[in-house]
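Heads up, the next two complexes both have chain A, just with different partners, chain B and then chain C.
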Partner chain A sequence: MHYLRLIRSFIDVAFQNALAYRINFWVSLLHSILDLGTGILALMVLFSQVEAIRGWTLPATLALLGTYLLLGALRRLFIGPSLEALAGMDGEIWVGTFDFTLLRPVNVQFLASVRTWQPLAVLDLLLGAVVLLTASLRLGRALALVQVLYFIVTLLAAVAILYALLLAFSALVFWSPGLLFTWLFNALFQMARYPVGLYPGWLRLVLTWVVPVGVMTTVPAQALAGGLSLGMLLGSLGLAGGLFCGASLLFRTGLRRYASASS
Partner chain B sequence: MNLRGGWALIQRTWLSWLQHRSFFFLLAFGWMVPPLIYLFVWSTAAGAGTAGGLRRGEFVAYYLVLILVNQLTYSQTNWTVGDTIRHGGMNTLLLRPLSPIFDALASELAGKVVYMAFVLPVTAGLALILRPELQVTLQGGLAFVPTLAMAWALRFFWGYALALLAFWATRADALLAVQDALIFLLAGQVAPIRLLPAPLHQVAVILPFRYMLGFPVEVLTGQLETDGLPTGLALQLGWLLVALVLFSMLWRAGVRRYAAVGG
Partner chain C sequence: MLEPQIVVRGLSKTYRVPERNPGVGAALRSLIQRSYRSVEAVRDVSFNVAAGEVVGFIGPNGAGKTTTLKMLSGLLHPTAGEVVVMGEVPWERRPAYLRRISMVLGNKSQMLWDIPPLDSFRLLGEIYSVPPAQFRETLDELVALLELAPLLSKPVRTLSLGERMKCELVAGLLHRPAVLFLDEPTLGLDVSTQGRLRRFLGAYNRRNDVTMILTSHYMADVVALCPRVILIHHGILLYDGELDGLAHTLAPFKLIRVGLSSASQCALDLPGGVELLQRTNGSLALRVARELAPRITAQLLNTLPVVDLSVEDPPIEAVIDQIYQGDGDQEARL
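On to the complex of A and B.
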């Protein structure tokens, strides 16, 4: 309960902050629409030349784009900004203000993961949902309840994987404070825009097992398009759980190495 | 024109950039990923046959050249000059006995050296794995150099002119976001220009964005239509003149209007 109350006040503060810059709302809306528009146009260009690629048709790929936008929005909503404030450029570890965060009487990982919110990302969340809805209508047949259920479960697993990966990349900063690992993740995350099956074999292995960015969007989209086996469902749940524990462990180990910075 | 001073500035900037190479390598990697994604997507789409009349190896060649050209022509002044004006850094630059354009040129050159140190080996490695099909004709090779130089100049002055809008509006981010989206769609990143569907294709040929990036790539890889070279060169030169005029007008009017902010 205490933790939920904290989250609520973090959101309140962020909301008031966002209200102070009203024009920013329109700029942000423009960004979201451009992002969505270029994504959809890119798919239309691709599928104007080919019917399907490795079994992926336009509606199925659209469902994947929707999942990608949804995950990207959740990342921008709080996971991204919070961890960026910790490990990003001029982040707390970089300038040394992390000491003050450590002194707070709350779990450090919790505080570092949820304290900064970007309320405008809700726009992206809505747009992503619209794309998903359109895609599932265009998939043709009526969606079975089971499929929707599978989709929600795998999407939740994807959010956990996303969080765990970002936490792990941020935790690496404890070992090498000068490197912007979160930026490296940003670059890799873009690869989730397309089904992991479209990449050549070696890259597919990397995106599935080393940095499982590909799994995050491919599995939920497959659930919606109706090509998901029970094994993959359990696999993605297991991966989410394993990565979450691993990343938390890495963060804690890194934390012990933290020796403050002074300027 | 104080050329000796300008050259000293270029050398200084270059040396200081080399110190932070890991940061710039990361930036370069980030810029490489989007074209790389489309390289993989299109070559998978082509498979053993063709997509839009191009074979797999031709897509690989197109996109590998595009990655290099993108890195060589990418204009950072878009962002940095605007910030310099906004934060009042322009004051110091204007007091120097040499034009502030040298500052931009210095970071351009420094940047290109550092980025190429990363991008060239990576592209060469990718070329070894992905086996591009590239047959350079004498005409294509000869025409590539001037088109590349003009593409760089066009993107540089166009970006600088847009950044100068910061003299009037404190935030030109919305405009820059639109320009980024247009470059993504119309400069040949999402697909080679000739694969774009009809209305988009005509727009891409007329607007300046193709001449900042896609045009030299098409010239080198021999993907132009038969009479494409003279028309393309004329359009590129025309847009370059427009950008130069725009730049000098905005610069003159802007500096006169400039009232320093902060220090």
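On to the complex of A and C.
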């Protein structure tokens, strides 16, 4: 309960911060619409030529785009802003204000992961939901309840994977505090816009097993479109659990290295 | 002495810092093979602090004060030694421990920049699970003591350094810690603000019986607040005791000021063991070994046309300056 109340307090503070900078609202909205627009445009161009690519129809690909937008929105909503505050030359670890985070009587990983929110990302969340809804309607009668359930479960797993990957990349700042590791993640995350199956073999392997950004969007989209096997469902849950534990361990190991910036 | 609230035994901290020679070549080489150097920031430090005590940590820059403070608060793991604060090992950072301590850093802010202090305070209250009634009461008390009321609704970034520091103190005290670590809380503040913060800290200590460990480069902070000082230099504890005893222990000499009658422009014939610090028209400042002071005073009275004479301890700043500059000799002597 305490942790839920804390999250609410962080969101309250974030709203006040966001309202202090009004122009950001419009810029953010424009950014979201552009992101969505380019995504849909690319699909339109593609599917005006062909019916399906390697088994991916337009509605299934839309479901994937919706998942991608939703995950991106969640990242912008709190995971990204919270974790990115650690890294970089003005980051907490470099400057040493991470001292205060460590001194709080609250789990450090929790605090580091949820304390900064970007309320404007709710717009992205809505856009992602609209795209997903459109995809669902286009899938039409083929959509069974069990698919929706599978989709929700795999989406939650995808959120866990996203969080774990970002946490792991952020934990690297304990070894090199000045660097922003998340740019590497950004480049890879872009590739989650399209089904993993479309990429050449070696890249598919990387996106599935090494940095599993592909799994994050492909698996939920397949769940919604009805092409998900039980093995993949369990596999993505296992991957999410494993990555979450691994990233948490890495973060804790990094914490012990933190020497605190000198006075 | 009461049961100690803080027990420190044989505390040491060695940092491993990368080093390289200047120049591009050395920079490139360091990409492949880094060399490290060990820096012993704190060496075998031991002391106790009783509940409610105010202890000043003094020492030059890089002496190990802040490192010691960070180990006491649980921010750093020591290389060796043990610390027990209120029955807890600080670096285990158990919530029960963190709820009972606080740290205020003069050079780092825990306030949220873009929103008014009150909102930062509320968030901290939530983080520390302070019950609403107690939060209100503590906040009112602190705001009154620090005269903060007009600032509560201004964004923190518009506050002056002194105003911000007051907010930092409120932020650090909202959860009513039993032990407060203060790392240079008056850094960069003007003289009158420094004085006001000192008076606040002193009053707060008396009123709430909070243990305070304070580091500062301003001797005025230490003189005003700390009946007891711990002097650390090169990571070694050089002195632990009353502030008044510091000069006595570490500066084994006295200053003798002598006023002479105007007729005496004669050559001085000073007794052995006396160092002439200053001579102006009609007055002398002399430094003598502490144990020689009575005999030399008598001798001066007998041999010189003295109209005025005083024997003083050297000023605390001078003693400390001598220790800071004395480096290794001082350690060897002690």
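FYI, the second predicted complex is superposed on the first by the 256 of 263 C-alpha atoms of A that agree within 3 Å, B and C clash if a C-alpha of one lies under 4 Å from a C-alpha of the other, contacts with A are read in each partner's own complex, and residues count from 1 in each chain.
The rule we apply is simple: a residue touches a chain if its C-beta (ideal position, glycine included) is under 8 Å from a C-beta of that chain, and two chains touch if they have at least 3 such contacts.
What you see is a predicted model, and the numbers here were worked out from it, not measured in a lab.
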item	value
First, second, both or neither for A:T38, with chain B first and chain C second	first
Touching partner for A:L188 - first (chain B), second (chain C), both, neither	first
Partner chain(s) touched by A:Q49 [first = chain B, second = chain C, both, neither]	first
Which superposed partner A:Q16 touches (first chain B, second chain C, both, neither)	second
Which of chain B and chain C A:L249 touches, first, second, both or neither	neither
Partner chain(s) touched by A:F100 [first = chain B, second = chain C, both, neither]	second
Chain touching more of chain A, residue-wise (chain B, chain C)	B
Contacts of A:L137 with chain B and chain C, given as first, second, both or neither	neither
Residues of chain A that lie at the interface with chain B and also at the interface with chain C	none
Complex contact set, residues of chain B against chain A	22-23, 26-27, 29-30, 32-34, 37, 40-42, 44-45, 51-52, 129-130, 171, 173-174, 177-178, 180-181, 184-185, 190-191, 195-197, 200
Touching residues on chain A, where the partner in the complex is chain C	2, 5-6, 9-10, 12-13, 16-17, 20, 95-97, 99-100, 102-106, 111, 256, 259-260, 262-263
Contact set on chain A toward chain B in their complex	23, 26-27, 30-31, 34, 37-38, 41-42, 44-46, 48-50, 53-54, 178-180, 183-184, 186-188, 190-191, 193-194, 198-200, 202-203
Contacting residues of chain C [partner chain A, same complex]	15, 66, 70, 73-77, 93, 95-99, 101-103, 105, 107-110, 112, 114-115, 119, 122-123, 126-129, 155, 183-184
